[in-house]
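Below are structures written as structure tokens.
Same chain, two partners: subunit A is paired with subunit B first, then with subunit C.
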Partner chain A sequence: MNELIEVVDWSRAQFALTAMYHWLFVPLTLGLSVIVAIMETIYYRTGNERWKGLTKFWMSLFGINFACGVATGLILEFEFGTNWSNYSWFVGDIFGAPLAIEGIVAFFMEATFVAVMFFGWNKVSKGFHLASTWLTALGVSLSALWILVANAWMQYPVGMEFDPAQMRNVMTDFFAVALSPVAINKFFHAVFSGWTLAGIFVIGVSSWLLWRKRNISAAKSSLKIGAWVGLAGMLLTLFTGHGSAVEVSRVQPMKLAAMEGLYQGSVGADLIGVAVLKSNPEQTPDDPMLFSIDIPKGLSYLIYADGEHFVPGINDLIAGRSITAEGDTVYGLSYADKMALGRKARTALADYSKALEANDSNAIIAAEKEIKENFPYFGYGYLEKPEDAVPPVATTFYAFHIMVAVGGLLFAVLLLMLFASYCKTNVLEKSWLHIIGIFSIVLVWICSQAGWIVAEVGRQPWVIQDLMPTNAAISSIQSDSVQFTFWLFAVIFTALLIAEVSIMLRYISNASKTDIEKTR
Partner chain B sequence: MNFFGKALDLYVDGFRNMKLGRSLWLIIIIKLVIFFAVLKLFFFPDILASNYNTDAERASAVRSALIE
Partner chain C sequence: METLELLQAYWWLLIAVLGAALVFLLFVQGGQSMLYCKASDSERQLMVNSLGRKWEFTFTTLVVFGGAFFASFPLFYSTSFGGAYWLWMLILFSFVLQAVSYEFRRKKGNVYGTRTYDSFLMFNGLFGCVMLGVAVGMFFFGGAFTVQKANILEPGNPVISQWASSHGLEAMLCWKNLLLGFAVFFLARTMAALYFINNIGDEDAFIARMRKKVLVNGLIFAVLFVAFLVVLLLSGGYRADAQGNIVAEDYIYLHNLLNMWWLAVLLLAGVVAALYGIFTGAFTKSRAGIWFSGTGASAVVIVLFCIAGYAGTAYLPSTLDPASSLTLANSSSSLFTLKTMSIVSILVPFVLAYIVYVWSKMNAVQLTEKELESEHHKY
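Then we have the complex of A and B:
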């Protein structure tokens, strides 16, 4: 058992490390491609060569990030096959189809249009070059779409049927998978957060140029575009983030309860602004915070647009308890009930296996029926106690509130930068503004990573919501080998990150000593 | 020059005149070599593909693992 826990924990740590490393590059690629396309559009419309110079400068930074980030996601697929073989087999073609589409789209769109973007200046018409730049931006977003569809399915498995003969989930409705509300929200939330991140990145680099008093005109123009794209991204991220929270309340209510540190649900639940959790909050479910500043009824209002709506807490969900609009307490399936149904499904699967060996067709049909009836709770059959279905509350809670707080701070930075861009006085020349701009680069990456921590830690213990817990998804491998590759990755990723950052800094530094606006 | 000739020229000329791109391609190639020739080959076998010959055997192995 201890060996299993070690393998699961090391494999999770390895997957988290790889995914977080991958996500350092992806949002910048998503957002910077749009910013480059906007700059080139201005060049196309005005014919002003300084915009061509600016486009080329930011396109080079896009290229550095693209080159360093490309293929880092492949490692995740390696890990699926080695560490998570039960899971990889169990998800069947649900994961395979979107990832195959992603591979094809990414290869053909990006390989074609990225080449035209970088090699096509003065070789193709201005219009075709611009179209290639926009199609690159579209291509990188479409690549993200398919991997996010696959991730959304793990959070909200729909459009499939489990086949015990193949031991796989077979896709029955492609559109239910691709267009699930969780997938749509997740896609737009991720893409728009990429716009915000890239906007802040452009602001940060431009602030550094202003601080060093180099390429002032280029920096001011870039900063203005970065601020507009960042602000648009931020507003749309807020909107889709709200949509995500509503979807989470519907399909993963335990995650929402963990995000808010809500143990005991209530009618008219408050929204936590700032708070510190007690060290053992589950022991005082009515008062789990050391201190908190709340917005009265804010959570009920935000999720249900009704300040008097009941929001279930962790203990309510475990007990299957809810309160109706009329104020009546009602009980649905408790987690203990779901565990019993899940065990029925597991037992039926064992019966199915025996019937298969005995070639007993009647027993096979009976077991299939039992599995089908109880399959929605299949994963609960692996839990030892109902509390095992509670995610790590502190990590989820703090990651969520860090994301919101830093996001709020960045919103203020974007407004400040826009104000400074249009202000007639010399605010843009103030050193404190430049320092804020530069420091915001670190903040935006913290915010972006925190968002994924909420999404992935908050859905534990499920690798597929309700159907497969993480400890059932793992392969039969030794923890030593996973530990070794974890540290190997840590070394490789650190080296690659140092390489990217140093190439990027050297490029920015060298370019800043030339006239960026002059076409090279 | 036809369309394919022009497209080929775009790539050949582009690769030949790269400056920053040379370092970036070097990083990409080193990365791919490490990923595929070292990590995938020695550390990340596809457990089910390498241990079992048919899909039926793989399904049976996963079924056994999930029943245990």
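Then we have the complex of A and C:
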């Protein structure tokens, strides 16, 4: 059992490492592809060569980043097989489809048109080149769509049923998978956050140029576009983020409770603005914070548009307790009940196998009925105690609040930058503004990473919500082997990140000494 | 044929076509393996930039190949990837290094220097080809695994597919797999030389050297491939009978080839086309050798996949427990998923059409030193 736990932990670490590195590069690709396409569109419409120069400048940065995203993405796809072998069989019938569609629809589009983007300036017409740039941006977003559909399905498994004969889940409704509200929210939230990140990146680099008083005209034009794209992205990220939180409350209430550090639910639950968790908050569930600044009834209002609505806490969910609109305390299934039902489903599945071997049709029908009734709790059958279904609260809580706080800060930065870029006074020449712009680059990446930590740590212990815990999803490999590959990838990804950052910095520095707006 | 069976066969064919496209596009890896061959700096630059405009196609095809396998035969994904861990990790590792090397190799501030990135490309050129060949070799010569779906009911040991503790190292050391691996490697080098002949202009001395490389690598490939084919056709394997029981059968691949005669014809046509491409590349002034060799090699790969998986053949035989061997029938996705994915596959011709269109536009003029000098984005 210890070996199993070690394999699970190292496999999780390896997947988390790959996903986090991947998400360092991908949001920039998502957003910068749009910004580059906008700049080229201006060039196409105005015929002004300075916009071609600007397009090429940002396109080069896009290219440097793109390669790292591609590299880490490859590992991510194959790790589902190499490290999560059981998962690949148990839900491969559903999960594999979006990955294949991603490849067929999106990856080839990216691969084909990105080559035209970089090498086609003198080989194809202006219109064809512009179309290729937009198609690359579209391909990047389509790629995000399908992988996020796959991810959303893990958090909200729909459109499928369990096939006991094959001991796996099979898809029954493709559109339920592809168009689930969780998937739609997740897709737009992730893609628009990429716009925000790229907008801030462009603002940051432009701020540096302004600070060094180089390529002032290029920097001002870029900053304006970065601010517009960033602000549009931020507003839409806020909107879809709210939608995501509402979906989480519906399909993953335990995650929401962890995000808010809410152990004891209440009618008219407060929304935490700033807080510090106690070291063992579960021991004082009524008062888990060292200190906090709350918005009274804010959580109930935000999630349910009703300041008096009951929001369940971690302990309520474990106990199956809730409070009705009339104020009555009612009990549904507790986690202990769900564990019993999950075990019942497992026993029924074993019975089904035996009945199948014995060709006992009555027993098959009885077992099938039992499995169907209890399958929604199948994953709980793997848990040893109800508390195993609680995600790491502190990590989820802090990641969520860091994301929200930094996001708020960046919203203000974007407004400020947009104001400055239109202001007739010389605000854009102020050093403090440049420093804010440059420093925002670090902040936006922290915000972006924190978002994914909330999504992925907050759903633990489930690899498929309620149906399969992480420790049942793994491959049969020695923990030493996974440990070795973890360190191998940690070294190589870090080395590549260092190289990418170094190349970008050098490129920006060298380009700043030339006329960026002059077409090369 | 039942609908499910038909769709399983259709998806296996699609995977075969993707595998064929991947082998064709491995000319990129073959070219990378030549980077340290005798060449001037400008020639090396031309080679890298010529390959660099195509590397994404190979990479994407590999990713789509994996995704299509996952969607259509998830038990293979689960068993082979999770089992032959070291083999797949080595393949992935080599492709990760490749993905950044083109973009980074000559960029200022790349920290590790151009030679490091070139050595990454070399590494991918060698190991990427050989290990992909080894992975395909397992389709015929098997892997040391068992599949017990009931394991999922055991919380302490829930994994369905269990592999021997060597986890793919045994496959990497199996001479039969390596025979195919090195055949793929020399095929990729041959194709790379043919690609350079096709894609690089104004370099007569370089092209002449490439024609020699076509001959040398082509001959080595031909010898290795014939040896592999002999070994394969003399090998036994497993087949699912009408009840789905796995039974051993001697000369199974020879039987498949004889029973599905159209595959034998395609194999022959593929070999002839590949050899003709090598001949035109080595001995004539034609620049079109790659299209003959590429088409021929692709046809051969499709045949290999078909005889590995059709007619109930176990395409991933288990050397530990024959009953665990994977066939199209026992490893595929459900009827619903295969149907859904088949509808999506209608897009494939459109995808191919725009790839061909863009490729032809971008390759209308051969790459020259002059063009490279004026290029803004170069590797």
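One rule holds in what follows: the second predicted complex is superposed on the first by the 510 of 520 C-alpha atoms of A that agree within 3 Å, B and C clash if a C-alpha of one lies under 4 Å from a C-alpha of the other, contacts with A are read in each partner's own complex, and residues count from 1 in each chain.
The criterion applied here is as follows: a residue touches a chain if its C-beta (ideal position, glycine included) is under 8 Å from a C-beta of that chain, and two chains touch if they have at least 3 such contacts.
Values in this document were obtained by computation on a predicted structure and should not be read as measured data.
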| item | value |
| --- | --- |
| Overlay on subunit A: subunit C relative to subunit B, clash or fit | clash |
| Touching partner for A:Leu302 - first (subunit B), second (subunit C), both, neither | neither |
| Touching partner for A:Leu415 - first (subunit B), second (subunit C), both, neither | neither |
| Touching partner for A:Ala115 - first (subunit B), second (subunit C), both, neither | both |
| Touched partner set for A:Val267, first subunit B, second subunit C, both or neither | neither |
| Contacts of A:Ala100 with subunit B and subunit C, given as first, second, both or neither | second |
| Per-residue contact with subunit A, leading partner among subunit C and subunit B | C |
| First, second, both or neither for A:Ala490, with subunit B first and subunit C second | neither |
| Touching partner for A:Pro164 - first (subunit B), second (subunit C), both, neither | first |
| Partner chain in contact with A:Ala499 - subunit B first, subunit C second, else both or neither | both |
| Contacts of A:Met289 with subunit B and subunit C, given as first, second, both or neither | neither |
| When the two complexes are fitted on chain A, the stretch of subunit C hitting subunit B, from 78-86, 204-212 or 294-302 | 78-86 |
| Set intersection of subunit A contacts, subunit C complex versus subunit B complex | 60, 63-64, 67-68, 70-72, 74-75, 78, 81-82, 85-86, 88-90, 115-116, 118-120, 123-124, 166-168, 346, 349-350, 353, 472, 475-477, 481, 485, 488, 492, 496, 499-500, 503, 507 |
| Contacting residues of subunit C [partner subunit A, same complex] | 53-54, 56-57, 59-60, 62-64, 66-68, 70-72, 74-75, 77-83, 85-86, 88-89, 92-93, 95-97, 99-100, 102-104, 107-112, 149-150, 152-153, 155-163, 165, 167, 333-334, 336-337, 340-341, 344-345, 347-348, 351, 354-355, 358-359, 361-362, 364-365, 374-377 |
| Residues of subunit A defined as touching subunit B within the complex | 60, 63-64, 67-68, 70-72, 74-75, 78-79, 81-82, 85-86, 88-90, 115-116, 118-120, 123-124, 164-168, 346, 349-350, 352-353, 472, 475-477, 481, 484-485, 488, 492, 496, 499-500, 503, 507 |
| Interface residues, subunit A side, partner subunit C - complex | 1, 4, 56, 59-60, 63-64, 66-68, 70-75, 77-78, 80-86, 88-90, 92-97, 99-105, 107-116, 118-124, 128, 132, 163, 166-168, 170-172, 174, 346, 349-350, 353, 381-382, 471-472, 474-478, 481, 485, 488, 492, 495-496, 498-500, 502-503, 505-507, 510, 520 |
| Of subunit B, residues touching subunit A in the complex | 9-11, 13-15, 20-21, 23-25, 27-28, 31-32, 34-35, 39-40, 43-49, 55, 58-60, 62-67 |
